[in-house]
């Protein structure tokens, strides 16, 4: 499996990273290099092998249904690049 | 076959069948969010019910709320579904302003609940089974507000992380009416279980509706998804519109584009959602911050033992124990409170009379006044009292309607109104005979006509006597005595 | 000054408890050392005022005979741990100006134990790297220099390069690190110090900027094994805020350092003898095995058959998780925002400006291997191979108590070397990645010097949650090796 420039551009858009043409050329090389490297895994027979769900030996811990958090909008908004009237503000989204 | 036939809609070139599948998002009733301890109450000030986890601060981690798991299991049991004792939470990756993590924690390949079914009640009293494909737990997103500023959208994360159950039906639904019945029945079950309040206005229940059309008996057509319906009425309108739109396109030789659409209730039409047009690639994978969710068979059995009597069982019982029709029973069991109200009224009384009084008079008046049953000025005891007065002949059914109207208006009980207004039925033979005599005396001509064979005039005399009694005379006695007197 | 800086973590602890020194004295010595060692670029943010305050408070406690296990000890904090009110960057431009409103569990545990914060240590951007050359805040320099002259600047390893350089050059008495594929052990080896990655789940991940959630684990970077035992005890513990945190009591790790490894079985995995591995690494490994044998342990040849596939597995799983973990850096709630005409443009501009090249590469690889049509071939396949890798270790631990391997395939290299090819850089982690994928504990202990006078470490791996054995054997190896070489830069030595 080899990546072409159009695919890398599509992935970059999916990951929301703007890339110019020169960057795309470099990335095509780098990413193909990495994919070529990981392709060794095809040598391994994984028939009837369950994918690893977790290395921890325990199950999913659950918490009680209690309100223990929140009610601090200032802390939530403190680092916002832009805020207005208690909201985060972003460029207008047209739906 | 005749039932299926009635669902077909006619196009210019022949009959078409609508195929509908629903994805209902039901907000789980819980105090705190699915993966954080922030509150879930509706209508709070922006960003006040947001934890550092909900706002996706770096290094924050999810911990699951056991109540949400319990609610999903209860709901699965209520949908007669397979409970998966091993399920997995996945990340659904996409960028949106009100999705702070850049992914939604959801369940993809291994949901907590598998296949089940819902029996829906149709207007003609018949029922139909609609398959449930799955139910899974997931996080809600925040809210984007687009109309407060010309250049910006505002983001409120209060809903971010609230637990939702996504309940996916099979494409078994064939009309807008069936879709409405499905949503009503699902809402009814969720409310019985206490797992979702079903409040569509507040968005705690919303439906994405997949609509396609086909020629009867042919393969499924290409579907469009109408997003975020939060009213049953609008959903029906949207389905009708969308089906017509698709039929017109196909009949004109066009093809349907698979797309996401939005219903505009003001215009009564659906339109394409351009912002969602972009092809999605959600890159689901198991959330490495969580572990697979596992629970024991005992846990499931305990929940099963705790389930309330659900609408279908209650409906069957109302039909067998109280002798109600399927139609009446279905109406009375839709809400748990209604069913309980009914059973209090029906206990020790004529159950059919009780059902009629609730469905026609009580519900009619409540509807007109825009009140809920819980706000009704006529409670179980008062309605029962009225029915008792009919049963023991204190008042006639006719008078009872006036008494009920007065009860609804004033909140007084039936006996008080009957006493105050002197509405007690006249059952004294002598008094009724006096009325009859007086009517016969004033209508000598008609009496002669009757006696010469014009039997039809009997009704006229009954009417006159009742009128003289101001409706209070016992109609059966009037009939009996009048017949004797007229016979001479 | 220099006598204070000579003290190890546990020595300083003892001196403080015995009231031979004060925390303020010790802390001032390190504040001076930070100043002296600025050229290493080990710190992103220095917090001397905070350190002085904390030291004073510690002295007050110590004076009353009170205080925790780390009372008054001035440490550095890898800048991947969120620290309340103190700039936290993950060495990325995208977290510009981010001051968390919360404290990570591990750092809080350390402050609760009395530790004093000197500042936030440099690292590879989002902990992605093996040489500390991907930081937005510049490269970190290794305090060591090659003996052959030339005075080339060397990398400290990564990603915890700032932590390793600071401890090695004595700018901090100890430091925290995080290890995803070797990010504690490899820089410890490059800098001639001790670095320990505990079992996955031993230390809480809450409040640590996430790189790859199923692999990330915090651990101590210290001058010796006893120091590591002390500090790990203070960092570890069950945290209900982290679903992957183990609900286990934290043992007294220092008490495990009995010096007695007689009868213990130490595995030597044949697959770690790789083609093209420098002879000196192999020789060091053999020497290490000899030392343990001399101490009474039994050396057992073992096989970890899937070792070769660990790196490719890691380079699918870690980027996949990272691509998702880093989606939250979108310019909306914190950090950098680069404006754009629309929301999508704002995202794309922000993330293009905020992430460095290596982070972008990994996010894109991760996005690709999870994307429609490729998930099964890459991600699912990797998780299956990961299961086999874990099984390799499970099987091996049926035979042995611990496993001895080299930590890294080379000594520290020069800044600029290995930079042309990402794969070449990834190979640095070839010996550390398997334990990360299996979630087992590992420690790197300095054992000898390379031909050109640079430190080389050996790695000991243990069973899940058996850090005690790892520390015990590591301690014996350390004693036997008697590594006492010093780096070219050593604060307070002039």
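Note that the chains are named A, B and C in the order they appear, and that numbering of residues resets to 1 at the start of each chain.
Simple rule for what comes next: a residue touches a chain if its C-beta (ideal position, glycine included) is under 8 Å from a C-beta of that chain, and two chains touch if they have at least 3 such contacts.
Note that the structure is a prediction, hence the values are computed from the model and not measured.
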Chain ID, smallest distance between chain and overall C-alpha centroids: A
Chain of greatest Cα-centre distance to chain C: B
Whole-Å gap separating chain B and chain C, where each centre is the average of the chain's CA atoms: 59
Geometric centre distance via CA averages, chain C-chain A, whole Å: 23
Chain centre separation (chain A, chain B; CA means) in Å: 41
Two or more partner chains touched - positions in chain A: 14, 16, 54, 56, 58, 60-61, 63, 75-76, 82, 88, 90-93
Junction residues of chain B, two or more chains touched: 52, 55, 63-64, 95, 97, 153, 155, 281, 283, 288, 290-291
Junction residues of chain C - those touching two or more other chains: 98, 100-101, 214, 240, 243-244, 323, 327, 330, 332-334, 343-344, 347, 367, 371
Chain A partner contacts - residues on chain B that touch it in the complex: 30-32, 36-39, 45-55, 63-69, 88, 95, 97, 144-146, 148-157, 262, 273-275, 281, 283, 286, 288, 290-294
Chain C - residues contacting chain B, complex: 81-82, 88, 90, 95, 98, 100-102, 104, 205-210, 212-214, 240-244, 320-321, 323-324, 326-328, 330, 332-334, 343-344, 347, 367, 370-372, 375, 379
For the chain C and chain A complex, residues of the former touching the latter: 97-101, 200-201, 214, 240, 243-244, 246-247, 306, 308-309, 311-313, 315-316, 323, 327, 330-337, 339-349, 351-352, 355, 360-361, 363-365, 367-368, 371, 374, 377-378, 380-388, 390, 421-423, 426, 437-439, 464
For the chain A and chain C complex, residues of the former touching the latter: 1, 3, 7-8, 11-19, 27, 30-31, 33-35, 37-44, 46, 49-52, 54-58, 60-61, 63, 72, 75-76, 78-82, 88, 90-93
Chain B - residues contacting chain C, complex: 52, 55-64, 91, 93, 95, 97, 100-103, 153, 155, 281, 283-285, 287-291
